[in-house]
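Below you'll find a set of structures to go through.
First chain A sits with chain B, and in the next complex the same chain sits with chain C.
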Partner chain A sequence: MATTPRALTYRGIPVWRHALIIRWVVQIVSALVAVTLVVWFFANIVGAIQERDIPAGFGFLSREYQTPIGEHFIPYESSDTFLYALLVAAINTVVVAILGVILATMLGVLIGVARLSGSWILSRLMLVYIEFFRNVPLLVQLLFWFFIVLTLPPVREGYVFFDRIYVNNAGISMPGPVGSSLASASAWLALAAVSVGLGVLVHRVLTWREDRTGRASYPLAAGITVAVACGAAAWLIVGSVVGEAPLVISSPEPYGRFGRIGGGFTIRAGLLILLIGLVIYTSAFVAEIVRAGIQSVGRGQTEASRALGLSGIDTLRHVTFPQALRVIIPPMISQYLNLTKNSSLGGAVGYTDLTNVAITMTQTAPAVSIFLLIMLAYLAMSLTWSLIGNLYNRHIRIVGG
Partner chain B sequence: MVAGQGTTPTPAPVLPPRSEVGAVGWARANLFSSWYNSLLTVIASAAVVLGLWFGLNWVVLDAEWGVIETIGGRFIIGGYNTDQACPGNDCFWRPQAALLMTTALLGMLWVVAGGVVGRIAMAVAAAAALCAFLPYSMERMGLDVRLLLLANLPALGVGWALARYTPVGKPRWVLVTGVSVFLLTVVLLRGIPGVWGLQPVPTLYWGGLTLNLLLAVAGIALSLPLGIALALGRRSDLPIVKLLCVAFIEIFRGVPLITLLFASQHLVPLAFPEAFPRNSLFSAGVVITLFSAAYMAENIRGGLQSLHPGQAEAARALGLAGWQTTLLISLPQAIRNVIPTIVGQFISLFKDTSLVYIIGMVDMVEIGRTFILGNPEYRISTKEVFIFIALVFWAFTYGMSYASRRLEQRLGVGTR
Partner chain C sequence: MNGLMKLVIAATLFLAPMLLIACSRETPEQTSDPAAAEGSRLDAVKARGNVVCASNNGIPGFGFIDENGNHVGFDVDLCRAVAAAVLGDADAIEIVPISATEMGATVQSGDVDLLVRTVTRSSSRDAKWGNFAYTMYYDGQGFLVRKDMNVPSVLDLEGAAVCVTQGTTTELNLQDFSNQYDLGIQAVTFEKTDSAVEAYRNGQCDAFTTDHSGLYAYRSSLPIPDDHIVLPETISEEPLAPAVPHGDEQWYDIVNIVMSMLVYAEAYGISSDNVPTAVTGNSKVDRLFGLEGSFGQETLGISRTAAQDVIRSVGNYAEIYHRSLGDDGIGLPRGDNTRNALWSAAPCSDCPKGGQIYASPLR
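Up next, the complex of A and B:
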């Protein structure tokens, strides 16, 4: 009797152990669970909205907001729409994020470099700064600064320095440039931008020449000279055409019965506190990133550069820092992202940032729609930071690496 | 053999010049190595001296620390033992019993983990016991309160002995005990209706440092496994699973926690059916956990990416299944590589628990803020209040980062 060949009785891998089938079952089940959850949430939300007659939709965006916004960098009236008010609030968040990122980077790099200083006591001092400020909740720090500013005298009895700078619990007012007329100011600003562009161009060309020929061409000095000269010429031309200087220095002055301060350049208390808090908090993280980045550059690099005769500062600038940058940028971008999101604490210190305005809006408009909008706004800001980070990363990556 | 015969006498070893060794040498190398370092040293020393002078002067002479005494126990338990929360004011023993359980648990952990955990356990028990001797009057801080605080020392010993001499000392059982202690703490604080002495206290009144710690412990314990799952999902080669994980991570990482917390307050009542618990504490815990898990996932993913693919390939070649490779080979190494960032995330989570004020919970920071706003006569002592809160938070977060550094040393990160 012939035995049946093995090949004929082999029925293949059982269904429940087949890799392809397992993969697809897992995927379909997880997709189904996710879709069911989302649909269930939305069905519940829609049901609740209809049942309890809660206002919904996005029709409110064209209604008047009718609520003042404390800080605004573009003109704003209470009669403006919800949509415009959201834009004002988003600009507030963007302004504080950009200022905060610039200042925190500067302070953080300084502290990170000082942390590696050859002076033991300076290094220890910076360690204390870093360990303290990054381990205490930002909210506690913000409230600390908030109540410090609150103890300043009110506007009427505020401090005045040099007859020009007013410091009180509403903020700091100081002399600042103001356009004498919109036309002349914008004309000069446009020409000044062109001058700066020319200066950059000259700098580029001379750097290129220096790199190619090896002849000293002083690109930085030449670029700055060109930019300043063109800017000054534009100033004179615009001034003579219009008949007055494009920008004048305006000094703050008290006016009215309540001694309010008008004119000049004012940093309001809310923005000031939020900036101080965010910058100090973030700079501690930035300093640690900078320190780790510099330490990641091999010791041999520094020693070789010193052996070639570069000074300590030049070594840091031309050898260590450019290489450290590759390690520094990715975590730095995530700190910038954190700073942007942390600015949502502005409400605790009286700054009308996006979250604060949104929370106020939920009293008169559908909360679901508002949260959807500001979530999209924050996601857009995060994506922008990621995009900048990725572009810069590509720019500084090791060529051929 | 005759010494010195036919050989030149060995020269006495040349010692380094006296300016290069000892205190002088150290100062030359670390304080005055160049003219600008000397300048920086002088400036920094001046800053330290001035800072200490004015700082100590303020701390000792000018600061009014009475405000801390006035707020007192409210910093720790918030409004838990007030008349509204607990008529009769006899609920104080419940948080204290929870503390006793925690100390006993720390005693057990001391035996299991040893090293730095032992020091932390002793510090916690000692700090609690020292609080028994706070110079309050007996009316304000009764003998029962003081004795319960002192009992933390024996509790530590009981936990230690249990783990040392009974089978409970196995890591598995300590884990089970830990989870039970947490759940018991929640039940104890919540109360059981109808049971004498355990009258229910609404979570609305839970507050102070207890609230921060409860949220942080729950968040840490849940966000780590969730973060690992999300990280594995993001690295999975199943496109739908990957897409879902990426979407979750990016949405939760892209939006501020404070916005998510406030949104939860508005959306949870709409998105869940009526029967679902409508509880600020619960939704705060869930939101903080999900938010932290998204960050944790990215940290763990970084650790997984730092592994050489050879590790997983070798495991597969040895015949380990896919899940065994992940659980036994990849994950342990990945997590070991990113201990500092994981602990950094725990620290962030603990700091972020201060944001629950936005949904009306009264944590330690909010206690300080509402006290200052409600009592204008203490407005002058604001600095003291927030410096005290900052130092309390700092003690916990610095403890965490210290423990993480010790753990790294013990696991030999970077050395093997």
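Up next, the complex of A and C:
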């Protein structure tokens, strides 16, 4: 019996070993699994919410909140709505975040530079500072500062400087500008912002002219002059329309049986403690980032700069630091995000930040909805920091090439 | 079988259980209550040999752990009274310490026989959680202030900074109170009560606010308690009562009547050291202690002399109060005409009569 020889004809790659097909199948299956998991997860949450009769929804936002918010930077009454109260709380968090980031950056850069100082003792001191504050939990530090601030005398026995500045364990009060009325103050502030904008514009134009023509145009002096002149003009106009100055300086003064301080500008203990804690903690990380950034710039750059006769400070300012910035910015942004998120510990030291207010709100409104909202708020804040960071990063990147 | 097929089958096997889980969620399991399923809770308690009470181990006066490691306090004694009535042994209890957020779910599930944990009764809790027995302590939100500030009343707190714990109704009540009397109170909110007390102690606030019972407890923990006073008025009503799971009326009645026993023993002047074992001639006393007639012990399924066991081992209401809340405890005063005094028509000469602690007549 004759056997047919097996044909060695090539019939192409079998379908189950076809790279393209396998790749697609894997993609589709993992997409299916991911979608199923997500749908299952949310169906479970929604189901559980309905089943247990947990209230949800956002109808509460227009209800009156009826609860105190200790610290507020915009006018707040307990008859305001939940939505407005959330805004008040979000502004509290934003204020801490912005002040904290500015102060932590300044302190961190100083410490980072000092860490690299030629002085052995200064460098070692900064090392101790960095290692100490970086390695102790933030909550522990905050509670430490809480107890430190509490050792200040209470309000009735507090320190008074120049008859105007009150320092006690409830906070620091000092004379500050207060709008004589909300309308006139906001009108002037808006006009002042326009004036600053005009000043910047003049500065830009004159800089451009100077660059183009080489004629000295004094852009900075001209810009400041324009801004100040416009601001002063706005002040006079608003003042004459309203009949009184848009902002008046108000001095703090004790009142009532308990001698609490009213008027002026007050940094309350909660804000003070939270700021001290966040700034010191974050500055330790910033210092390390700055040190790493400066050290990443090749030694040759410094040597060349010194050979050209630049002083140590000038070398840092004009040669090392600008190059270090490109390394510094991305990790710095993540520290800014951390600081913003860490401000949610404010409740521990008596500051009404967004999280603190949200926890209180769950007493009278659906917790799931509130926390969904504040998660979105934190996300928005973090994305704003990232956006600012990315824009700045693009601004300072190496151009040309 | 080709590879594609294998993948499809594997994927199906992987996904199917998930879909099943997702779908099966539609039929929630009925919370199984062993007591309700196999007869009364009373039978279950007797078979088990102890009464399981959800309580607390961290509130001085009400429910805490003493230096010997025992659960003690006002709430714990109420649990002991129920055990004494039902099992004849006040020590046959098991305390399950729970947090404030677990209260509802714990009593709803029926896993415990009794919830005694400084819980304020309210209509929605009554509807959702379980049945509330008699109010055993009338609490209310008040203020702790420094004595040298000479604050005569809560209405003189104008412009005060008040430390408060966040996330509690206390915060809401404080705002209501401040608005109502236009006091301009400045609230300083803390996440933890300990921090709020610490801030008050150091003068960051002029007053600390929480329920009266809490104020006395925290006051007793301050270095010099006498430098601070609790203002007499309250700005809210917090009636504290034990609760039992829904669905067993007999058990609910038993708990209620045990609470009555404590109150009536005080009203009739019977304490742990003069519990009668023979007919006294006072028909009310004799009926309470099972020496003559009946107040319904048979229907309830407890022994005729249950009250003897209860009062002998736990004491009457006054004894329980003084042991944990009064002079021997956290120093909460119980004057003649305060809410937590008796309201009673009992013929005893020194019984306070103007209070709200009261139980239905035993007859």
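The criterion applied here is as follows: the second predicted complex is superposed on the first by the 311 of 401 C-alpha atoms of A that agree within 3 Å, B and C clash if a C-alpha of one lies under 4 Å from a C-alpha of the other, contacts with A are read in each partner's own complex, and residues count from 1 in each chain.
Keep in mind that, in the parts below, a contact is a pair of C-beta atoms (placed from the backbone, for glycine too) under 8 Å apart; a residue touches a chain by one contact, two chains touch by 3 or more.
Keep in mind it's a predicted model, so treat the numbers as computed, not measured.
Of the two partner chains placed around the shared chain by superposition, chain B is the only one that A:Ile49 touches, whereas chain C remains out of contact.
In the superposed model, A:Pro68 makes contact with chain C only, not with chain B. Look at A:Thr151: by the touch rule set out above, it reaches both chain B and chain C.
Once the two complexes are laid over each other on the shared chain, residue contacts for A:Arg164 go to neither chain B nor chain C.
In the superposed pair of complexes, A:Thr362 makes contact with chain B and with chain C alike.
In the superposition on chain A, A:Trp120 makes contact with chain B only, not with chain C.
In the superposition on chain A, contact of A:Phe132 is made with chain B only, not with chain C. Annotation: chain A residues 44, 143, 147, 150-151, 347-348, 359, 362 touch chain B in one complex and chain C in the other.
Contacts from chain B toward chain A in the complex involve residues 30-31, 33-34, 37-38, 40-41, 43-45, 47-48, 238-241, 244, 250-251, 253-259, 262-263, 266-267, 269-273, 347, 351-352, 354-355, 357-358, 365, 368-369, 372, 379-380, 382-383, 386-387, 389-390, 393-394, 397-398, 401. Chain C makes touch with chain A in their complex at residues 2-4, 6-7, 11, 14-15, 18-19, 21-22, 25-26, 28, 149, 151, 156, 158-161, 163, 166-169, 171-172, 174-176, 178-179, 185-192, 195-196, 198-199, 202-206. Residues of chain A that touch chain B in their complex: 23, 26-28, 30-31, 34, 41, 44-45, 48-49, 54, 114, 117-122, 125, 131-132, 135-141, 143-144, 147-148, 150-151, 312, 341-342, 344-345, 347-348, 355, 358-359, 362, 367-368, 371, 374-375, 378-379, 381-383. On the side of chain A, the complex with chain C involves touching residues 14-17, 21-22, 25, 29, 32-33, 36-37, 39-40, 43-44, 47, 51, 66-68, 70, 78, 143, 146-147, 150-151, 153-157, 169-170, 255-258, 260, 262, 269-270, 347-350, 352, 356, 359-360, 362-364.
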